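Please read the structure below before turning to the comments.
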Amino acid sequence: MIKVGIYGATGYTGYELVKLLQRHPAAEIVFATSQSYAGKTLADVFPAAPALPLIAGEDALLDGVDCVFLCLPHAAAAATAVTALEAGVRVIDLSADFRLRDASTYTEWYAHTHPAPELLAEAVYGLTEVFRDDLPGARLVANPGCYPTSVLLALRPLLLSDIVISGPIIADSKSGVSGAGRTPTATTHFVEVADNFSPYKIGRSHRHLPEMEQAIHWWRNDAPSLIFSPHLLPTPRGILSTLYVTLGEDVAEGDLRDLYTDAYMEEPFVRVLPAGQQASLAHVNHTNQCAIGLTLVGRTLILTSAIDNLVKGAAGQAIQNMNVVFGCPETYGLM
Amino acid sequence: MIKVGIYGATGYTGYELVKLLQRHPAAEIVFATSQSYAGKTLADVFPAAPALPLIAGEDALLDGVDCVFLCLPHAAAAATAVTALEAGVRVIDLSADFRLRDASTYTEWYAHTHPAPELLAEAVYGLTEVFRDDLPGARLVANPGCYPTSVLLALRPLLLSDIVISGPIIADSKSGVSGAGRTPTATTHFVEVADNFSPYKIGRSHRHLPEMEQAIHWWRNDAPSLIFSPHLLPTPRGILSTLYVTLGEDVAEGDLRDLYTDAYMEEPFVRVLPAGQQASLAHVNHTNQCAIGLTLVGRTLILTSAIDNLVKGAAGQAIQNMNVVFGCPETYGLM
Amino acid sequence: MIKVGIYGATGYTGYELVKLLQRHPAAEIVFATSQSYAGKTLADVFPAAPALPLIAGEDALLDGVDCVFLCLPHAAAAATAVTALEAGVRVIDLSADFRLRDASTYTEWYAHTHPAPELLAEAVYGLTEVFRDDLPGARLVANPGCYPTSVLLALRPLLLSDIVISGPIIADSKSGVSGAGRTPTATTHFVEVADNFSPYKIGRSHRHLPEMEQAIHWWRNDAPSLIFSPHLLPTPRGILSTLYVTLGEDVAEGDLRDLYTDAYMEEPFVRVLPAGQQASLAHVNHTNQCAIGLTLVGRTLILTSAIDNLVKGAAGQAIQNMNVVFGCPETYGLM
Amino acid sequence: MIKVGIYGATGYTGYELVKLLQRHPAAEIVFATSQSYAGKTLADVFPAAPALPLIAGEDALLDGVDCVFLCLPHAAAAATAVTALEAGVRVIDLSADFRLRDASTYTEWYAHTHPAPELLAEAVYGLTEVFRDDLPGARLVANPGCYPTSVLLALRPLLLSDIVISGPIIADSKSGVSGAGRTPTATTHFVEVADNFSPYKIGRSHRHLPEMEQAIHWWRNDAPSLIFSPHLLPTPRGILSTLYVTLGEDVAEGDLRDLYTDAYMEEPFVRVLPAGQQASLAHVNHTNQCAIGLTLVGRTLILTSAIDNLVKGAAGQAIQNMNVVFGCPETYGLM
């Protein structure tokens, strides 16, 4: 039994982790923390939640756990990671703190000095399908962002191929509101979101951009730059990314489809859709799946890639990573 | 031309007032205030709004206006009303401050002493269809609450009749989220509201209860008590109240329908639906209409009453009242 | 392993059954039928569904199954039930065909003669919490309607007590759109439902009324009549019923709460909420739970009762019934 | 007074026309047709509609009208247009029948021979801002499609400039459900649309593609081909198109903004947003506005363009066209 602690259990991601871990046959929640609700239970926060006691972060006993999940704001996550690692506890961090390998890039995008730059080299980027071999026994996993998960799983087979790419890679992404967190703001007010649809931080201004480009360059050093345009959908959850990649040579759609089908054939959580089908939120919501559709029009490859931002885009992938780190079957708690 | 000032123009009610007044052939907005956005324009707050300059309340010049609308929190509204009345400006107050005639009832429900009890006797309760004769030339109008408007228009013909009512009057009301205001809270977060439906403050605990019972007793002194159960709907706007009244004698549905049809025959903004039809939000949203459906089952009269909470339940009725106060055609700006 | 067949697997209820049975540790789907999609798989109908083959009803082999679930229109369900029972297969019918014990009442509400009146006496009304003792080994279970499940679980402790009830029992119910089925109609068109909320068949005209009154009279022979007003919510799923019962004597709210708490203390799927809390869709959606809130105002008892119409109101309760019929732990596949 | 007839008044576009024409100071509805509801009134179809009598198309008297709006399926529209023109009545056709100048392109995309190819040369493409000079006195106006309106207004200033464009033009468009019409289908069922978001007919397979490319080539003969990917939004109305155009040379964002601001400076219904702002549905719904945001990232120009598909994308633009045809102020009925 993997004994688990959750820091920040009352956000949407933390609660999703609790729901998934309750069904996990080989993991057990030992503690769950919350700054705002310490002393209460999770049932006081979410009507359908179990009466899991919530404690303050500083009261969590690291002795009794094998692994902690960090659903904390950036910077706070890194500080807790340091403490946990010193106590010999493995860390799966769902914040952005260990996703970027370069501390100066982190500083540039997050506007403060990295709290633990010495750990960046060790952190495994937890896009499970890609870094599976680095995960067993890892001490520190940087769980990918939600948008990057949808974009990177869709791009990787192409980037690893030798098909020439010309022109920018465009990711037009649309996300449900839970991606914005549970803190009430004007942006997440029901009346502002319902019946509306709006772009935000488009182009090259969203914090997930450097995370995506870092991985893109791992896979193809000279890849063209990425244009990333997120939009806010009037749905509680789900991300659909529509990607446009201009190829520099003629390729047959069938060959591209084979490339993708081969890449993900063995994957339990990635599904390449048949010709003529596109990914939608209905393919993936409330599951740990990533659905990928593929269409070639002339030399433009259009990829549609859908995930549930709270599952494959956060809590589900975190558990998938935990499973690999601890040597469990990768699908435990996720089917 | 009626020269108008709006206090609190950046709430949902204030913005609705601006939209309606822009189409009004005999009114003109002279100023609009906002504490949070003073120095900006309404277009900075709502993407489709005009670039109406917003000033701080204390910078508003009462000299240039004939009438002010108060879309302010209670207590703040009363204080501003006093200032405006002293300057000879008529006041249409959309807060709760002048709705209850009894200062001690106000104190009981709003938990502070009434700031201007000397004005309570003068304030006209602006349920236009009912108090139309008291409005011409009135200095101070207390615009009714949204729930009370839907409930009272539906109950009044029955209460004024001599049909015996036995047992409690039950109002099961459902409101869209704009009724909760524009300040972001956990309750109005998109993810909490979407796909959900929840009762709140049911029974006899909502502040609109004493307002409704006050009017009920004006019309029938010995009326049974009211049970009022509001619920939050996952829609931006609209109220539907389903009312259950147990009659103490046998009545024919046709006679009841005649009673209602006669009562509202001349009214431009109240529509009694034909037999077999029930009111819905689609009947009334974005209009100043109240739609009323009527069904008799044994001795239980079921009334369905729908309004747009921001129009007939707030800004629309406020303009309807202004029209009568200033002797304009009542439908100006509202058709 | 209970071998199971599903008739009508491509409606919302049938699909929910498939999803729940996939997680059931002691049941296995042997066949799934569909008239419209025979020859295809369930994945052709729902993007996230498994590739379960769909066959025509007449091609289903009853030999290989222990139990069938009927998600068919009324009349069609009864005919299939007869065939299955003759083949020695147990039947859990999710249609209305065997809910009413009196064939003439059935004819009156469903406008055709009952196809198999000889089976009515044998059918067990599958409100599991109530008829649990009649279920083991039962050949034919009539799974309750969605509205009746929410209303009856909330009323039963009161009806079984000796507290006097005066005046009609009022159930003001609100349901998500999946309750209307998957056949596209003007009523279920997104544009008609979104931003809207509407009553329908209120009073005593909905087909679930006789089903509810039948059970009410089982529990209290002289109960007053029921007023039942359904409304259509702009949500995919969930039912909230707000019930108003006028008591004929003074009772303490604490005593009522004890009555309910005692009645459901041992129940895994019924949850009586603490004082001051009301049931909402968020308490129950995607679960087999019924949440019940209780408030006393004078002599009016207000009950709020929430279920997921597709789970506790249909497929979940059907599996709960199957579990008891076949002697499995009642919570199998449902936690 | 312009006397107007509406063919097909009970679709979403027809009803929107009725609502707008009721406020028009110089137009009057003489008849409204409906095949399904002939003999009833519009109030029987939409709860908030006026009691406008509906007649069968063949009973419409063309004598009494100056102008007809055709909200009919393609082919049916062309046939009615011929009849109306022969009777000396001007035609504003909201179907696709006269949008494509080339009858063989029409046949290719609409899978039947064009019913009146002799009229194609005469029809004015009613993108009002662009073809305003061709409209006065026109006999036949082809009102643009909803997607084309949002895409073409955003592209035109760039296409008319001498800025080099390289690579394909990408339009990633998202539309509310009313764009799919009022006929109930599986695609428009509330349960399928709510909480979902899905691409459809992406790449080069939607019928609006040839309409857009036709206009693109009018403005720049050698423009690169268009990639057009529509998506279905869970909202009743509104279109947002996010466009990506790769430029073949370095341009300053300020110069591009000037280009757009100058192009639309005098336009009452096109609004170029200031730097840093993007178009959203909230900018335009329930108005005849097109809002355009502009961002330059390297050599990629990102345009966001929003309209209400039922207003600027259909009924509103139709009235705007009527105003110009008949010499009325262009904003009549639309502000």
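Each chain carries a letter (A, B, C and D) given by its place in the written order, and its residues are counted from 1.
One rule holds in what follows: contacts are C-beta pairs under 8 Å (C-beta built on N, C-alpha and C of every residue); 3 or more make two chains touch, one makes a residue touch a chain.
Fair warning: this is a prediction, and the values are worked out from it, not measured in the lab.
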{"item": "Intersection of contact partners for chain A and chain C", "value": "B, D"}
{"item": "Higher-contact pair (C-beta pairs counted), B-C versus A-B", "value": "B-C"}
{"item": "Chain whose Cα centroid lies at the greatest distance from that of chain B", "value": "A"}
{"item": "Distance between chain centroids, defined by C-alpha means - chain B, chain C (Å)", "value": "39"}
{"item": "Inter-chain centre distance, chain A versus chain B - centres from mean C-alpha coordinates, in Å", "value": "46"}
{"item": "Multi-chain contact sites of chain D, meaning residues that touch two or more partners", "value": "194-195, 234-237, 280, 282, 285"}
{"item": "Partner chain D, residues of chain C touching it in the complex", "value": "12, 177-178, 182, 184-186, 188-191, 193-195, 234-237"}
{"item": "Partner chain C, residues of chain A touching it in the complex", "value": "46-48, 194-195, 280, 282-287, 289, 291"}
{"item": "Chain D-facing residues of chain A, complex", "value": "166-168, 170, 172, 174, 192, 194-200, 202-204, 225, 227, 229, 231, 233-238, 240, 242, 244, 246, 278-282, 285, 293, 295, 297-298, 300, 302, 304"}
